[in-house]
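Sharing a structure with you now.
Chain naming follows the written order as A, B, C, D and E, and within any one chain the residues start at number 1.
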């Protein structure tokens, strides 16, 4: 059970090489296959996630949530997806058409790219990059541009305001996000995500880096544009923010990308702080799924409990509290590491 | 040096946070509000004109559709206005039941206020909890009048029906559970730091401005002015009850919220006293089938509705229909200060201010 | 097969980069130009990846595509006050053409010259093993003073920008 | 003013205003009837000297020949009340705005303008408030006919 | 993939002319019928009952219809709750036109079905159907949440072609 997926991959490569392909090309084909798998996983996952979100919100709000379509309403999201796919695709006449149309595509591509470095099990990584964490952060920073494109392209004041908010928010929170992760990197001594997972063989980093975990979690919520930081969407203020003008399919892509990001960030959280795929008994790929889902449940819990923060508070919180705290954590970690080395404990 | 452009953003008439058809035209400088212009009339249903073609009792249902969040209050005001003009006495039992219903209405309206404020600030769950508890009041209304929300329960000369036996138990158990509910709201909404940041010191209205602009009700009391018509000019039998008037200090959104939260408790106190003292007897006096106030009679009667001073100005011409009926709608007047308290704030503050001014558009537009 | 995967990737990425770079120059709408600039940065990052300079490529994405381009787009949006369709099209008058020609000659000359005078060794041994550690050692060891000076310079620039912006608010 | 006395106030006002002021009374209110041009002065006096700081209600009534405007005034927190009535002719339905004295009159005057077609001189923004700008007629007038 | 401008009228015409609705169409209609996302729009008493319908006791989410969208671009169902006044009419019309098809309209309450008690007034339109085609009328003043559900389920049957 542990090696199902790696065995399949190996078999595929062997078969391809048997057909006469060179090792490089076989790897390339494997890459494409893995890519398709990720896209499928993402899509199916999002369908489950949206159902889960609706059930969780129902649970928090003392309601039942969807329960008519299929067992426990499990087919509800499928019906929604079918509907969204067959909706009319409106491209308003005053929009900047190219930007308007490509923004959701770019967004989903960027969010799927995040998965390339996440270790989804022992040896189950599309690319085991030696700067994997940096890859995650830098690709993540691209989603800012997608939102900006959506807001600008829509030629709508609500959208523009939402996009401006999104950009300001994401740029400000990227910095504490990255800096809080650096504490973990210092302990693990590597930017390679698989190394970081292995380094947590004895103790999870959440115990060594609790401050980093909290700052990461807050900053990640803001990066994901989820409540209480859902500024760009801000339904009660900006109707639907940057997405106001998007219909059916294109809007669904945004939705898909947001949830894809959610899974990716939660998986990164599990990897960085909760020992990644390590765990007793169960196969490694199941452990990471369990951990990721538990973290996502916390994200949902927060979203359905808190009111939305105000924009200026949001910015000052990032720059005046989160950033100094994460920097202080970094300094503290440095001193701690030196102290441990000096004592000979490390 | 650098300079910035201002732009106009239209909030409404279809917008999730405008409590109906309200349209706020905000002149913005980035995220800062330079000015706000309020456009009303999207729910203007010509009630005042319709009143001129309805007989006096026929207008009662229309009155209840003014403030649909607390439908007993506007009907109470209207019935009392006509009774006062005609000199009709209302039986004791009816008076008490009127108070009970009116105060339950006030609680239900304030519950909607708390919930809709929570949802306007982004906390969806707050609304659901308030609506859950409001359902119990709706049940009581349905029990007594057959309608959940818009019960034309008050009638000229009394009330429509006596309450059923089950009502007392339902009312008592609601009152018993109320402290627990309020604890829950405090945990979920009041105590939330983000929410406090959002509404503390936001939308501050000075006491002078409040009086000058005719602001009444909880919005006025949030500024620290002790003015409650139930105390100042008691109507009905309100002088028999003991209750406090919760006051704010600063007149900001937070005070407006807290005042309403406290008012729920005071209303519960009134209901408890009324339930204890509820006498047996008639629920309606004999009122002539056709009410014909004499020509030239006119009256301005006002009550403390959940939104503020709700007044009826009725002019009679000797016929069975009002010659002129004007509603002094508290929401209408209260909304006037929205630009004043929103200027200089952020875009998100406009939403918070609309929510805490608690306008009900059906009443403000009539 | 004649061309290796790496060659193919290089050709595709180089073509992509060139096309998007042309787009930056030729699009009429300045916002389109700015977005093309993002793609062009991404193309350059891709070329770094094919050359096994992963760190450099990621920094290219993070700094240029992620941050600098947002800055550029913001700057464009904030200062633009006429029709975006017309903002990017320089009026073809003589000084413009002359300046453009001069710049083109200068840049092409510099490029050709630098290629001409660089002696490309036959084989460069790729950095083996811990390229990141090596880079870190250089940046925070040998060249720490220049690095910190550059950081200081940027800090001064940031503070200056804030003061300028505050000035506008007080006016 | 130490202790407010309605009778004393009425006497004072009657002395000052003389013929221009007519005092009427029913079971609920004391009505001060005055001409349009003297309205701001009376309102100013009532607000400044007698502390009627709360303009509760402003309402226009259509009496075929004339319009009557009724202003219900209260004092907060003492709760004294008085009503002021002004009549304007139908042909020339205009009177001075009291927005400077009672800011709360702003929207109420706009409403009276909108629904009754009374124009208030000196109101800075006398436009329709409840009805759309292109609405024809003033619906609360007795001679208004619904279209269609 | 994306079905453009598939208005109700076309479907009805097709059915009348005996064109068989394909299996694909059936699947699409199944999806549409189980996922009405209402626009959060309302202007009088009825929206309060709509809110109550979303709350714990009635829970519109059971049918999957709880996704209230603030932007008409993402909504499928316009619940006209409350009277349409002359001032509001252009706005409602515009909202309706901004919605992507296939779209449905549910007139909730007496005001939206006929003008209700305010029909005599000078500023109220006699019902939503004077502006656009209404699929389901739900009477009541205001209708109870259960009545709203009934209306929605009727609409579901209609969309699935069973009525």
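By definition in this document, contacts are C-beta pairs under 8 Å (C-beta built on N, C-alpha and C of every residue); 3 or more make two chains touch, one makes a residue touch a chain.
Quick caveat: nothing in here was measured; it's all calculated off a predicted structure.
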{"item": "Graph distance between chain D and chain E, where chains that touch are linked", "value": "1"}
{"item": "Reaching chain E from chain A through chains that touch each other, fewest steps", "value": "1"}
{"item": "Distance from the mean Cα position of chain E to that of chain C, given in whole angstrom", "value": "52"}
{"item": "Centre-of-Cα separation between chain D and chain C, whole angstrom", "value": "70"}
{"item": "Geometric centre distance via CA averages, chain C-chain B, whole Å", "value": "61"}
{"item": "Distance from the mean Cα position of chain E to that of chain B, given in whole angstrom", "value": "30"}
{"item": "Numbers and ranges of chain C residues touching at least 2 other chains", "value": "none"}
{"item": "Touching two or more other chains - residues of chain D", "value": "130-132, 139, 144"}
{"item": "Contacts with 2+ other chains: residues of chain B", "value": "15-16, 41, 44, 46, 49, 128, 132, 365"}
{"item": "Of all residues in chain D, those that touch chain B in their complex", "value": "26, 28-29, 53-57, 59, 61-62, 70, 72, 76-77, 79, 83, 102-104, 106-108, 111, 115, 128-132, 139-140, 144"}
{"item": "Complex contact set, residues of chain B against chain D", "value": "40-41, 44, 46, 48-49, 84, 211-214, 225-227, 232-233, 297-302, 309, 311, 313, 315, 323-324, 326, 328, 332-333, 335-336, 365-366"}
{"item": "Chain C residues touching chain A - in the complex, by the definition given at the top", "value": "1, 4-5, 29, 31-32, 35, 38, 54-55, 58-59, 61-62, 65-67, 69-70, 73-74, 77, 84, 131-132"}
{"item": "Chain E residues within the chain D interface of the complex", "value": "86-87, 120, 122-123"}
{"item": "Complex contacts: residues of chain E adjacent to chain B", "value": "39-45, 47-49, 51-52, 54-57, 68, 70, 72, 82-83, 85, 87-88, 91-92, 95, 111, 117-118, 120-124, 141-142, 144"}
